[in-house]
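Listed next: structures, encoded as structure tokens.
In the two assemblies presented below, chain A is common to both, partnered first by chain B and then by chain C.
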Partner chain A sequence: MTQDLSAARHELCTLLQQALMLELSTIPPYATALYSILQEGQYNRSDPELVNAEPIEVIRQVMVEEMLHMVLVANVLNGIGGTPQMTNPDLLPTYPHALLGGRGPTVHLRRFTPDQIKTFRQIETAPESPYPGEHGDYHTIGGFYIFIKTRLKDICDTFGAEAIFIGAEDRQISNDDYYGAGGHVIEIIGSPEKRYAAAIEAIDEIIEEGEGACLGHRAGDNDPIPGPADHEDVAHYFKFNEILHSRYYHPNDPVDGPPTGKDLIVDWRAVSPMRDDPAQDHIAGQKDIEAMSHAFNVTWSKLLRGLERAFNGERAALRQLVPVMYDLKSDATKLMRTPLPDGSGETVGPTWTYLPDCGA
Partner chain B sequence: MSTDVFEEDRFYDVVIVGAGIAGGIVAKELAAAGQTVLILEAGADHGETWQTYRSYLDQYYMSMAKTPNSPYPNLPTLPSPSVLDITAVRGTQPDTNGYFVQKGPLPFGSNYLRAYGGTMLHWLGTSLRMMPADFEMQTRFGKGVDWPISYQDLRPYYERAEWEIGVSADVKEQTPQALGINPTQPEDNEGYFAKDYEYPMHPIPSSYVDGFFAKADDMPINIGHDDGPVHLKVSNTPQGRNSTPRRPKEKDGTFPVGNEARAPFVPRGATGAFAFMGQRCEGNSSCIPICPIQAKYNAMKTLGDAIHLGKDRLRKLTQAVVSKVEVGEDGKVCGIIYKKYPFPGVAQFDLRRVRARQYVLAGGAVENVTLALASNLCRSSGELGRNLMDHPYMMCWGAAPEPVGAFRGPGSTSSYANFRDGNFRGRKGAFRLEIGNWGWNFAAGSPNADVARLVEQDNLYGTALRGKLYHDVQRQVRLGVLVEQLPRASNRVTIDPAYRTPMGDFRPVIAYDLDDYSRAGLAAARDVCKQIFQRLGVKDHTAYDPNSAGYFTYNGKGYTFWGAGHLVGTHRMGTSRDTSVTNSVSQTWDHENLWMVGCGSMPTIATSNPTLTLAALAFRAADALKAALNQEAVA
Partner chain C sequence: MTQSDPAFDAFLTISSVLTGYSPAELQGTGCAPEYWHQFQQVLSEEVRESFLAGAAKLGCNDPDAVVRDHFLSDKCHGPIARALIQLWYLGQWAPLPQDWTDAYGASRFDTARILSSRAYKEGLVWDAIGAHPMGAKQQGFGAWAMKPPAGRAGS
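Up next, the complex of A and B:
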């Protein structure tokens, strides 16, 4: 190998920045589907029965874990001295979005439908074998992370971990800064060997939560469900499968069989009829709606800017984003309750557009 | 309906009546010690499943009056007291509107919840320790009674309680000195916390409203007598809701808690299938009546631990209303009779009897008493049911000169704790001023009442209405006064065969009044609030309606009080069987295998919300119970 150190470091930074955008790009489709589900009371005010509480929670859990993954990637990137970017319009995803630079599935912004959940499941599909990923021939998120891991390993073997893990420790997000129920944050700190091991651990955590432990041979993801009993949680792929099958998994369920746990109730009708791939031209000329859509995008931009600050040394900024995320949900559901002006009966939806100059 | 009593064939080490925090702690401790336990809960529901908890949430969202009990079941056959039932008691005719039969002269304004998880489902989360002086009210001030134990006796149990509930606070901010209290004895400032003790989690951030009130910090206030002025200080309140867990300082990675080393605290979120929610407080701002994500502690968490630890040694039975405790000729309890009803709301049941070595009543200060009175227990002191106390709760509200961001965050995150002790307690009740984060919500029904006023009185609509509403609501501030009450024999819970539930059980008959000690404390607190409002430029909107149920006068001025939901004192602990119902570990004097656990054990109420103290006392009782069971096993 003739690569020099700076080229190697650049390669790793580029890969990890891509990973950061990859994690981010899953959130708008998940959140759109999630927020399109009508909750109790909205569905039928006179008889507020329980509707879709479980699918809401299942998707929310996955989304929260994607946020954790984003933090883990940012920590690894900061660990090697990179600069996470969250507001670069050239890098940010637009929808429909082809994952992995076109190698992965194309995701649309759609309401909660079986087809959309099947797409989500496809996003979280495990590679059939780790080998192609190791050689850069990946078509899944898991394969991409295997490639990153392989490159990290090779480059550290070549140049030594001390030449790679040179990031300032105070840029690491810790469990004190970030909380969610997606598991623990892994900090890339300590000696170069420790940092290397932590980076590998962080990447493995992402792979396991996404596709399942041991590359999808089991449904379980090696993480305990919080609570006295320490039941094992299942990976994202299987969580989406739970919704499609209306049944929960056991962690030990075989991956090629259906879930065998308790029932999970899904009502595909209790959903806002949001038009697929919301776009600005659906609402052109409708000032009120445009203002609502703009408000959503301002909130989204605020979130992205906050994340960029947090990942670049201002860790306390993360806590300030909790109310912003609530605003995002409120803004999104407002749009999804608004009928399109064309009389089709479908509703408006969020476009998830970053506004570089909105001043938020 | 059959009147035959079905004999249960399983014999338990302990039967616990009531699945709330007291019963939960005792059950968890005993289950961990390998004992067999039966928990009997009268409530109809099984709140630990997500379906039930979601149905509570739905009920809350749909309720017009979002009272503390509004999300939860209120069966005609198993009523809970409701704050909506409170009316003025007039003449000699008792008020029977609600579950309580109120004999007055003032109405008892507090409620509780009869359901799995107990009243913890709707508590605010305030987790205060008592002050050292609170245990010596008779010795220091000649008021009320002394406790049979001191603050230092209870301190290790407070630690265990704080780690069980998961309290977010900082010891440096919670000592009497840090709170800005002029303690009645200087040594009260020593050893309030054990060396190296830490709360399990960092404090919940103080609200913007708290910061507004902190502008009056250091203002001297003279509340009379020889104390000298108190210098106002806004202090963060220890809260039983999840924040960031502490990292250990010790090299071995542990924390010293109640004389043992503990691993770092792991926040527990929602029970059941939604366990990934609620590991941190998100500021949903509905702690009372219900935390949608269960970031606020509730007793279902402790009960869940108990069930997990106990496995098949622990049995939990809901829809089981205990109606009688049976006593043998040796004075020991020999059985418990309960009504198992199959259909919630239908007064149809089987009578069953269950036996155990030890029996624990943990149904709260009122239910413990009605059951004990119905069973003719604990008569030697004559104190059973007497000394009912609460924190008479009075509000002062006004409009701040600037927006303060009302209606955000937990119900309260800070208070003025300055007046929780001082030499003035010889003449008037000590109090705490709770800073409300939810505008005039409790005080004046805001923001709904504001909408009605602006539409109907000011004829506003559209943009102007929204603008004015936002302007007004964002400036709303409110202080809540929690004053101490002294134990009075005449403030009491009794039973009367004329008043029963449809299931045939006794309804609590309550006589209640405020004495001049508490009235003087409330009047002094009102004056302090006025001074704070003046200093901060808050326009006072406080109004006490002479027609309100809790209206009372003191020195010619009128005030209105409400209940705080802190029901205390009805089966107090003490040093003698002549003056108290239980000994200092909650074991009844009259029946050696009967224990009465909960707020009813507290001889005085002081100024702290009683849950943390009740939890500490429950741990203490559980230790004594374990010792009693071991002793019995040896014998």
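Up next, the complex of A and C:
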């Protein structure tokens, strides 16, 4: 393949922008399922013990790591001098969403159900072999990242890392700007060789945390989960499998066997009866509900705009987004408690629509 | 209780007028069924029916007059309306006054209490003043360095 430098750089920027949107597109389905789980005392007035705390925590950990992956991808994209876009309506995911441009599974916005967790597990499935991915024939997220790694390597071999890693270092998000669970931010800085190595390391971290494809047949991903127990984290695929099996993995469990650790209690009934694939036309003409749905979308848009600023030089914007994320949860929960006007007993849900002109 | 129950709908309509929050927002607190339950437990059927009858009148040209006449300044409905406003805003049931219970009957459920942990967290007061319930709904790291949201009362 002959390609000039600018075409090669353009190709890498396009792939990494796709990766950024891919990481982003997993968050609304995960968050929707997460927020639909009823918490402490929400469904049993006489016995308000903490219900479903464990699946809540498991999905939350996955979601936080997806956010980390988004930051890692943004760092790699900035490392090669790209411009991460988070607010381009032509690129942002809408739901139902076909991952990887239709090559991956189609994800819907649904409440917490076994079927939805099976879809999540499918999203995080490892490719059977890395070789097709290297040649662009990928059908999983891991395969896609293997393809990106291969192209990055080929292009750096052809033009030299110094021609590719030309991004300004002050655009890199550092661990001071970001705090998240189960991994750390990798900055793409230093000599071109160091930057290349850091970019590969960042992509490998994403692959490992996602589906554990390169973990030598163990479920654990070598990162400790912070907390008193300090036990080793497992990759996302296995986390979703834990929920389906109502049992935690032991880090040394083989990847092809069931989890053999402690019990994980899941109550599939303690869930808001949110209608699948929430849409504007479910609530058409209901001004009060439309206002609540709009409020959610304003918060979501605020988050996306803040991320775009943070990824484009204004790193301090990242920290200011923490309260916005809590608002998002609160707005979503309100919708999921509000019955649909059709009397079906199902409730409204967030549509995760970006509003370009809401001024938030 | 079903959600297509006209009495429950009337309860929401009246609550909405008394609190300034839409029926959908009140449902969004997740507390509506619990408060409806409390309302039914405390009040006799006769009192309930006459109180809820006010919902139909609210559709008229002058709903403010209905709030004043049928609810706030009515000897029977006034204390109930005030207790309901406090319930939605604070998550706490405020017992009806002695002369009211003498006239309309006492209930063993008519005691001062926060109805549930959710009722505390979802009190409208937090939204109205742009704050969050202490010990719940945390705003996240660093929120203290930012300007608080205006809240419903300030917007």
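Keep in mind that, in the parts below, the second predicted complex is superposed on the first by the 351 of 360 C-alpha atoms of A that agree within 3 Å, B and C clash if a C-alpha of one lies under 4 Å from a C-alpha of the other, contacts with A are read in each partner's own complex, and residues count from 1 in each chain.
The criterion applied here is as follows: a residue touches a chain if its C-beta (ideal position, glycine included) is under 8 Å from a C-beta of that chain, and two chains touch if they have at least 3 such contacts.
Worth saying up front: this structure is predicted, and the values here are computed from it rather than measured.
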item: Touching partner for A:279 - first (chain B), second (chain C), both, neither; value: neither
item: Partner chain in contact with A:244 - chain B first, chain C second, else both or neither; value: neither
item: Chain B versus chain C as contact partner of A:292, first or second or both or neither; value: second
item: Partner chain in contact with A:330 - chain B first, chain C second, else both or neither; value: second
item: Touched partner set for A:189, first chain B, second chain C, both or neither; value: neither
item: Contacts of A:345 with chain B and chain C, given as first, second, both or neither; value: second
item: First (chain B), second (chain C), both or neither touched by A:179; value: both
item: First, second, both or neither for A:322, with chain B first and chain C second; value: both
item: First, second, both or neither for A:54, with chain B first and chain C second; value: first
item: Common ground on chain A, meaning residues reached by chain C in one complex and by chain B in the other; value: 40-41, 45, 48, 179, 322-323, 326
item: Residues of chain A defined as touching chain B within the complex; value: 40-41, 45, 48, 50, 53-54, 57, 60-61, 64, 175-176, 179-182, 225-229, 322-323, 326
item: Contact footprint of chain A on chain B as seen in their complex; value: 50-51, 54-55, 57-58, 61-62, 244-245, 247, 266, 268-269, 271, 273-277, 279-280, 282-283, 304-305, 307-309
item: Residues on chain C engaged by chain A in the complex (per definition of touch); value: 3-4, 22-25, 27-30, 34, 116-118, 137-143, 146
item: Complex interface listing, chain A residues touching chain C; value: 40-42, 45, 48, 179, 286, 288-289, 291-292, 319-320, 322-323, 325-326, 330, 333-335, 337-339, 343, 345
